[in-house]
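What follows is subunit A paired twice: with subunit B in the first complex and subunit C in the second.
Up next is the complex of A and B:
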């Protein structure tokens, strides 16, 4: 599961495998924006069947790869 | 000017003109503050008509500056904070304003008097009796009302001025579409003032005495906060690009119970997809969906149509609508001859809504604008490929490299030219990535001068950082990929079709 999440994230961010550090702040570094987040939710739902209610997650809760994985696992 | 007359009329009521988070601005305050601003301009710069440049986002005090400029017979040039400093400088150099209202205190080189937010507050705090003669001084007929700067293919923004007469025409034709069951009511104020769809709220909303409910950039970035604001707006008219509604769709909260009073969605600025229409029809059974279309050069929009169930079920794209009553459309082939109904060609707009041409660019104006020999009215080559069927018009794409990304109009070359100016980049090609009829993001391919030893992400971050100095954030490609060589076509140009395959 974690690998799949990272693969989705790498694809959206244009990163090579293993390049995104777990605590990397994706918003601060300009890697992810609002539309990127939507793509992320859409892909996670499509590929992993995990649905997000976007109004229930703040940016701070999904700002790094580690946090995104945590949020997905919690809903899986 | 109608909107200024209406503003004065509603100033005698208790109505609220603007809600901006915890701030409100009544019509009486808006009228008075804009009088103060107008008086300042006319007394300090008598006889001058130079446009006033306003740099900010959705600050409450922008509104008095806009109407104050109009009252003083000046055009205003709204520049949103998404525009980086270097571009603001280019706009300032182009306009050479006498007055520059700067809400963010940038480091701009200018001879203009710079007015900060604090200075505005000081102006408006005064309590002296005013006697502003709006009727005599305000913008009229062919006077410019505003100039919007859009992406230019050279890599520098180009100005599109619109006259008072253009707006008066649009107001007359669009007002019937703005009717709601209650007098007043709330209209969304979400679109950046440097994008002309905001004119619908600023002119038609205010002319109807509506309350503009502000959704700023920070609110939009936090979905929870966004929905709380949407709910408390209780709006009757939703004006936005389809993209903004698409941001909301992933949430289950986006339905009629969130906005029980919502009577109309009015969309403009980009393709309205079947997906979105289907979602809105099922979630908002009591709300009409109105699609419109228009280039900035012809004053916001020149078509409108209420999307019906039949249109939603039709496999054809959602139509852009019928031309407004005083607008004439002609669809022509490459030789400029009208094509038969149902056939594709370039859409020409002939109407009094067509603006005077590009700001200080007679060369560009001559290429795109014309005077129609039959009617004597102004015409504009949209560069949009359309066809007509049963009086309805349908949009098929562009003749050039202009795209719409999340509702923003962008020339691909603008991005490519600015990418090529970045350190260590020889050549750049930018490609839009589509999903379900729409562009979701941009991908750039770059050719490096010499190897940089960086990983893909680190390189992309470095380039993006440089790009942020010259391009608005929405123009920055999501992905930036380095290639060892570019595929070339037989003309020696970058073969974008080949690149498209690698996406």
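Up next is the complex of A and C:
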């Protein structure tokens, strides 16, 4: 599951495998923006069946790869 | 009477804030008094029976819609039904805006209709999302009518607001809130009554009505005027909220330091731009991506930006200048996005010293020109 989430994230951010550190601040670094967040939610729902409503989590709750994984696993 | 305008207003508000301060300092909940404060202040500001009747009718209409939708949503997940309720909730706002251009519709005058509508619509949408499953009449009434930010925001969110209501701050935390609140009120007053008034009377008012150089000067002057005026109002609204134990969100964060337009919208009228992002842009883009409407995924985002910015423009009023203002910002956001995604150096430039200074300069002029369109001086 974690690998799948990372694969989706890498795909959306245009990053290579292992490039995104777990605690990287994706918003601060300008890697993830509003469009990135929506794409991420849509892909996670499509591929993993885990649904996020647009305002369900704040940016602070999904700002790093580690936090994103945690949020998805909590709902899976 | 207009909120945050004139000594009499501040005198009356200060008087009615005293009980809130006493409650806060004695470890008691501010929630019930907060609603009473809101009702009393609304009674004072809506100073004719006609205005009060319109406010009451608006309140009943929005409350009935929200409570009805909450019941219906439990059985019916239809999206068109949500849009119907959103449209119905926006009817008073639409009539008000139409009244600005068509005399037949010019009968509804309600201070705060724009901001209160945002509050109600937000509750409807999050009810549809399943994030709001219960609405207490007291909590919703307080949220919908919350006086400090009724006239010009910031736009709060129901769940966040409600979390504040559940909590009694306690003496120590309240002292902090009170200090910050008073401090923000003072800053807001300085921004609004001193700086923005000064810019208006010494800079904008003496300028001739036409001519290239006066218009350029007007563009700069109006940008600073609007910032101090609006940021001042926001600070006063936030300060008053704090005294009532409500952490109304910030609305401005040094917008003159923005390095690009995306950065600008995360610093200017933040509560409006995030509202638009969460309830317009995101919805459209998510639907487009799920439905695979466009070959190129980013196209959804570009169209989303333009739709969102035009909506924002129209919310300000149904005039050509607001529509053009919306289109202008929609296009700027698209260009910004192309630079972000196609030109890898752009991200780096934003972090380097000298280029970032240049970017701040360019961004400042881009949004100043936008405000010149917004001001109505051009057309």
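The criterion applied here is as follows: the second predicted complex is superposed on the first by the 76 of 76 C-alpha atoms of A that agree within 3 Å, B and C clash if a C-alpha of one lies under 4 Å from a C-alpha of the other, contacts with A are read in each partner's own complex, and residues count from 1 in each chain.
Assume contacts are C-beta pairs under 8 Å (C-beta built on N, C-alpha and C of every residue); 3 or more make two chains touch, one makes a residue touch a chain.
Note that the structure is a prediction, hence the values are computed from the model and not measured.
Undergrad: Would you mind checking whether subunit B and subunit C clash or fit side by side on subunit A after the superposition?
TA: Aligned on subunit A, subunit B and subunit C clash with each other.
Undergrad: Tell me which touches more residues of subunit A here: subunit C or subunit B.
TA: With both complexes superposed on chain A, more residues of subunit A are touched by B.
Undergrad: Once the shared chain is lined up, is A:56 touching subunit B (first), subunit C (second), both, or neither of them?
TA: Both partners.
Undergrad: Is A:33 touching anything from subunit B or subunit C once the two structures are fitted on A? First, second, both or neither.
TA: Both: A:33 reaches subunit B and subunit C.
Undergrad: With both complexes superposed on chain A, which partner does A:16 reach: first (subunit B), second (subunit C), both or neither?
TA: In the superposition, A:16 touches subunit B alone.
Undergrad: For A:42 in the superposed arrangement: first (subunit B), second (subunit C), both or neither?
TA: both
Undergrad: Considering only the stretches 2-10, 92-100 or 164-172 of subunit C, report the one that runs into subunit B.
TA: Superposition on chain A puts subunit B right on top of 92-100.
Undergrad: Between subunit B and subunit C, which residues of subunit A are contacted by each of them?
TA: 30, 33-35, 38-39, 41-42, 53-56
Undergrad: Spell out the residues on subunit A that touch subunit C in their complex, using ranges where they run on.
TA: Residue list for subunit A touching subunit C: 30, 33-35, 37-39, 41-42, 45-46, 53-56.
Undergrad: With touch defined as at the start, can you tell me which subunit B residues reach subunit A in the complex?
TA: 220-224, 226-227, 246-247, 250-253, 406, 440-441, 443, 455-458, 460-461, 464-465, 468, 473, 476, 478-481
Undergrad: Would you tell me which residues of subunit A are touching subunit B in their complex?
TA: 12-16, 19-20, 29-31, 33-36, 38-39, 41-42, 52-59
Undergrad: Residues of subunit C touching subunit A in their complex?
TA: Residues 126, 129-131, 157, 262, 277-279, 281-283, 285-286, 289-290, 297-298, 301, 304, 337, 340, 347, 350.
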